[in-house]
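Handing you a structure now.
We just call them A, B, C and D in the order they show up, numbering each chain from 1.
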Amino acid sequence: MISDRKLEHLLICKYYDVEFKNKTTGFEDIELIHQALPEINKNDIDLSTSVFGKKMESPLFITAITGGHPVAKDINKNLAIAAEEMNIALGVGSQRAAIEHPELADTYTVVRENAPDCLLVGNIGAPQLNLADKAVEILDADILAIHLNPLQESIQPEGDLDARGFLDSISKICDTVDIPVMAKETGCGISSETAKDLVNAGIDYIDIEGAGGTSWAAVETYRADDRYLGETFWDWGIPTAISTVEVTSSVDVPVISSGGIRNGLEAAKAIALGADAVGMALPFLKESVSVEDIIEYINKFNESLRIAMFLVGANNIEELKNSNLIIKGETKQWLEDRGFNTTKYSRR
Amino acid sequence: MISDRKLEHLLICKYYDVEFKNKTTGFEDIELIHQALPEINKNDIDLSTSVFGKKMESPLFITAITGGHPVAKDINKNLAIAAEEMNIALGVGSQRAAIEHPELADTYTVVRENAPDCLLVGNIGAPQLNLADKAVEILDADILAIHLNPLQESIQPEGDLDARGFLDSISKICDTVDIPVMAKETGCGISSETAKDLVNAGIDYIDIEGAGGTSWAAVETYRADDRYLGETFWDWGIPTAISTVEVTSSVDVPVISSGGIRNGLEAAKAIALGADAVGMALPFLKESVSVEDIIEYINKFNESLRIAMFLVGANNIEELKNSNLIIKGETKQWLEDRGFNTTKYSRR
Amino acid sequence: MISDRKLEHLLICKYYDVEFKNKTTGFEDIELIHQALPEINKNDIDLSTSVFGKKMESPLFITAITGGHPVAKDINKNLAIAAEEMNIALGVGSQRAAIEHPELADTYTVVRENAPDCLLVGNIGAPQLNLADKAVEILDADILAIHLNPLQESIQPEGDLDARGFLDSISKICDTVDIPVMAKETGCGISSETAKDLVNAGIDYIDIEGAGGTSWAAVETYRADDRYLGETFWDWGIPTAISTVEVTSSVDVPVISSGGIRNGLEAAKAIALGADAVGMALPFLKESVSVEDIIEYINKFNESLRIAMFLVGANNIEELKNSNLIIKGETKQWLEDRGFNTTKYSRR
Amino acid sequence: MISDRKLEHLLICKYYDVEFKNKTTGFEDIELIHQALPEINKNDIDLSTSVFGKKMESPLFITAITGGHPVAKDINKNLAIAAEEMNIALGVGSQRAAIEHPELADTYTVVRENAPDCLLVGNIGAPQLNLADKAVEILDADILAIHLNPLQESIQPEGDLDARGFLDSISKICDTVDIPVMAKETGCGISSETAKDLVNAGIDYIDIEGAGGTSWAAVETYRADDRYLGETFWDWGIPTAISTVEVTSSVDVPVISSGGIRNGLEAAKAIALGADAVGMALPFLKESVSVEDIIEYINKFNESLRIAMFLVGANNIEELKNSNLIIKGETKQWLEDRGFNTTKYSRR
């Protein structure tokens, strides 16, 4: 049953080592350039940003984590209270469970109840796009996220393996649902080619969810009888820093950089690479036992983002986007090979 | 006696650490690019390929391992049953033993008996090309492989050290035997120069067997009184990923990429670099005690290749060959220095 | 109280690991080129240099460490006796404490008393520039250093966070105080942009204090309730070797290279990259219990600088500046990306 | 007394770790290219080479090690018997001791007594060039080596530190002594500039003795009261592979590549980079207790060189010099920066 799998995922992610092993996000190859004379007032730095007309206090999404299990309800409630209080965005996990098992609906609706004003993101998998309307209906979300996760579908025993016609379905959903639609990966990243396809299909927002953080091949390795497949694909995917450049350089919609982002310094790098906001899942799962812990974590994230902005002299997110940075090492090599100019970021 | 040496080799390979130490295949420098929207049905992916008119279920060769010893007979029998069942290709070890000691012939012929339809590859060393006709006669193979192993010949006490005239002999064999002839290394790889010489001599198929997997200098180190020579050449050779590009970029015959390949993800990279199939020896030796183990291993290999193909949106081997990839690090540097364009693979 | 914080800083720096963890000064990427035939007399090598008309025996600054606490008085006294004896330059820590608490003045004035002739550097933070005149008055310094430390201000609980108008204030100070004015960082380095701004504002001397040595984020981590911010910015900054090139290539004032310099070989590299002198703080704090230890340390530093000069055949600091060197690795990549020609150093 | 220091050096080199720590010879960045079809007979490979009309069985020098102490006499005797038997070249340590203490002369002359025909190399330091005539007279050497060791002179307490006029003295010696004169470093390498100066002064042969093997700063660290200087310069010098290219690309005299060479594979790389022969000291000191051990070591070296030549298809030293090779990593970067074309070796 989906519900049991959901609990298993939560427990594995919380207690096991599920992050990439031999691949990183690539943010260690990105260097913002210290400005000893920022000439700004750190206390005046404005972290806020607007998403489809809704203002957020800081450019942070708690990306899709859960729903569909009593334990998930508690987690979602805590996340919702904190997100509302801090005025950041919050996504729920795949709503498939709620649609197929209506008795589980409250494990999702608990979010809107506790977060009446925050930017709320619904979630449905690309293989279940027929459930999209229902998903929107149930949740009262501001945006619907369609998650793409061909790797997880491939490794988990119960996977949906027919990925034909997804673009068409996405295109239809974008036409029919009356809230903006976002596409998100789940830890393997979005390539420039896929980004263009998505935007052509009508997608309004891309959440890249690149490689370097939670690895779903890793998660499924712990559930599998045989570790071979999970081990083989543990480190598969486009590193987050690279995917951020691939996508922001190729399409014109707003972009969330995510997958392995763990503090405001990495967020600042992602934004200076062109992202509009960042997202995190695993760290929030780990703090999710209490509202206080979540809020403290968001405060620390915000403060570290603010410090990074202070040190490059950026008063706000727009100015941060124009900060100089260096791209080094394999991240540089990958991007240059794929035709992206990496030196343009270093003197602008 | 050859037969004892064969057993020694089997035991050393099975129980000791005989792989390269400070050199890798280079496949970690190759990155396939995740496509979050594959737009294909994973269940419809076709792994099959044709070799000289014979169809294989997946592009996989069990490359030459053994023969010439009662233990070898058991191994060959198991490999044959599995290869037949899974419809992949299978090579025997050097047939010299069978020719010089006819009473050992059944340790080879057991293969065709148990694998009447599978693509079977005979094997003879370049120094014993006078035995080629006999080798073909004994085995009823589909292809004859001529192995080149100057390093092993140099390190082992009993080595054949006169390598003059090999190209001439190869040329004659290609003219006279009535099955296709393949040249293979045994773990040091084929350079672009050697590939051209081989094809000019009439070779129909090249199995590169590059550096990064089983090291024959390593194997012989365990047999030697003094470790000096073995240690010195333990990591000698052209890394498999590099050799794959050197050969596929220089000649027009089909190419097997091999030497240290251990799963379908590496196989996918090799094929995207231009190979037509891949080969493995050591992993099959380790599974060779039971037919079930071998079959399970092949199934896992096939499944991992299928997943890699799904994630880059390749329906079949031909499409996989046109997938984009990045070549990084020292692999890139080596290839560029040798005059091969490495960026052409990244946007095609 | 400032005074307690000063003691805390001293103790933490002396007994804890406060240096950068995953970032280095970059000097390991700089290679001076051995000349087996130096054709000079090592005993005649002249390490001396002149700063604003005052001659120093070797191009070495003990950069700002302390003041404002009885313990600081002892340290400053020892440093002063040694600096006077060895005729090198010496800086005091921030004089804010002495100005706000006049009873602490002697913890600074002890320096001039014990070092009547040595080049003495006053110190005041950019946020306290209104105290600059007073600082000059109290100390009888030869140069006034204005320290820039936005990172430390950000991490420490008591930080000054309004960095607006610093350039203007600096400009005014440069006009009004009648000794030369130097700008210094405290371990995050000076970028080429900041260097130009400083020189335009009238600064006479730049002490880069780059990343790779003492990390003030690290120091504050030990004082903080929560390690998150300190850990996140522990390795923030422009590596010293890089900052040295950024600054010396962009402005025409004399430059001190500092931050993680630990011996005369690194000093020689810094000078060959364009610096006029080098500075060190942490190593001197560690030797500060006795005058003898400090003198011995300076002697060893001088001797290692002299050996490095001997091995590249440089008779004096001017010749050292023209020695050939290679810039490798990420240091090269950073500098090239930022538009600095790194090969010009290798054949001049 | 010199004699005691000599014994100390022998013991330290034999029992302590005196090799470079964070710098290598650079030979791991050099890749010879395996040729699976060498088309030569390994048994016919000719390792011999001629030096100033004298034929050596293999291109190997036992470079200067010792003399001037009873223990040295035993070592020199063993080395001499082995060198004569294997017909390779042999150098003695600095002859200064014998000249200043005539009673120690037999610790050197023992070499010619036991090696009447082998190529014998005398040795005198650049600071003692006035003793050159005497050195030639005492030893009946075929070549006189002048060693350059400014680093060791700098670190050891008793060092000669006036290096002025060395080129002039060398020039005079080259005119007056009637045997060829060679210049050698002792583990820091020769730069292209120094090589040109040496050849202009009349030097007939250069033994580069680069960085990566025995470090004299290391040796002196064990003798010093304070480790500071030795630690600082432990890894100083031009890596052997780099120095080999710097010198062979800049001058037209024969070149010995040495410093950290440990087997025939590294020797093959050095020769393919342009060297005429290679040299080793430390490994021979370690084998020097018995003639048999030395001979066995030379045999293994020769055999490994022969295998390397076999695998690239080189019949003799001249052909080896034209083998293709790749230069990777920092070795490539250094050489390119210094103006040497590194790709010319990869396709010739």
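We take it that contacts are C-beta pairs under 8 Å (C-beta built on N, C-alpha and C of every residue); 3 or more make two chains touch, one makes a residue touch a chain.
Everything numeric in this text was worked out from a predicted model, so none of it was measured.
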Other chains in touch with both chain C and chain D: none
Residue-number overlap at the chain A/chain B interface, same or different (half cut): different
Between chain A and its twin chain C, rotation from the CA superposition, multiple of 5 degrees: 90
Geometric centre distance via CA averages, chain D-chain B, whole Å: 42
Centroid spacing, where centroids are CA-atom means, of chain B and chain C in whole angstrom: 60
Touching two or more other chains - residues of chain C: none
Those chain pairs that satisfy the touch definition: A-B, A-C, B-D, C-D
Chain B - residues contacting chain D, complex: 22, 126, 148, 150-151, 153-155, 161-167, 183, 185, 188-191, 193-194, 197-198, 211, 226, 228-229, 232-233, 236-238, 330, 333-334, 337-339
Sites on chain C touched by chain D in the complex: 28, 31, 33-43, 263-265, 300, 303-304, 307-308, 310-311, 326-329, 332, 342-343, 346-347
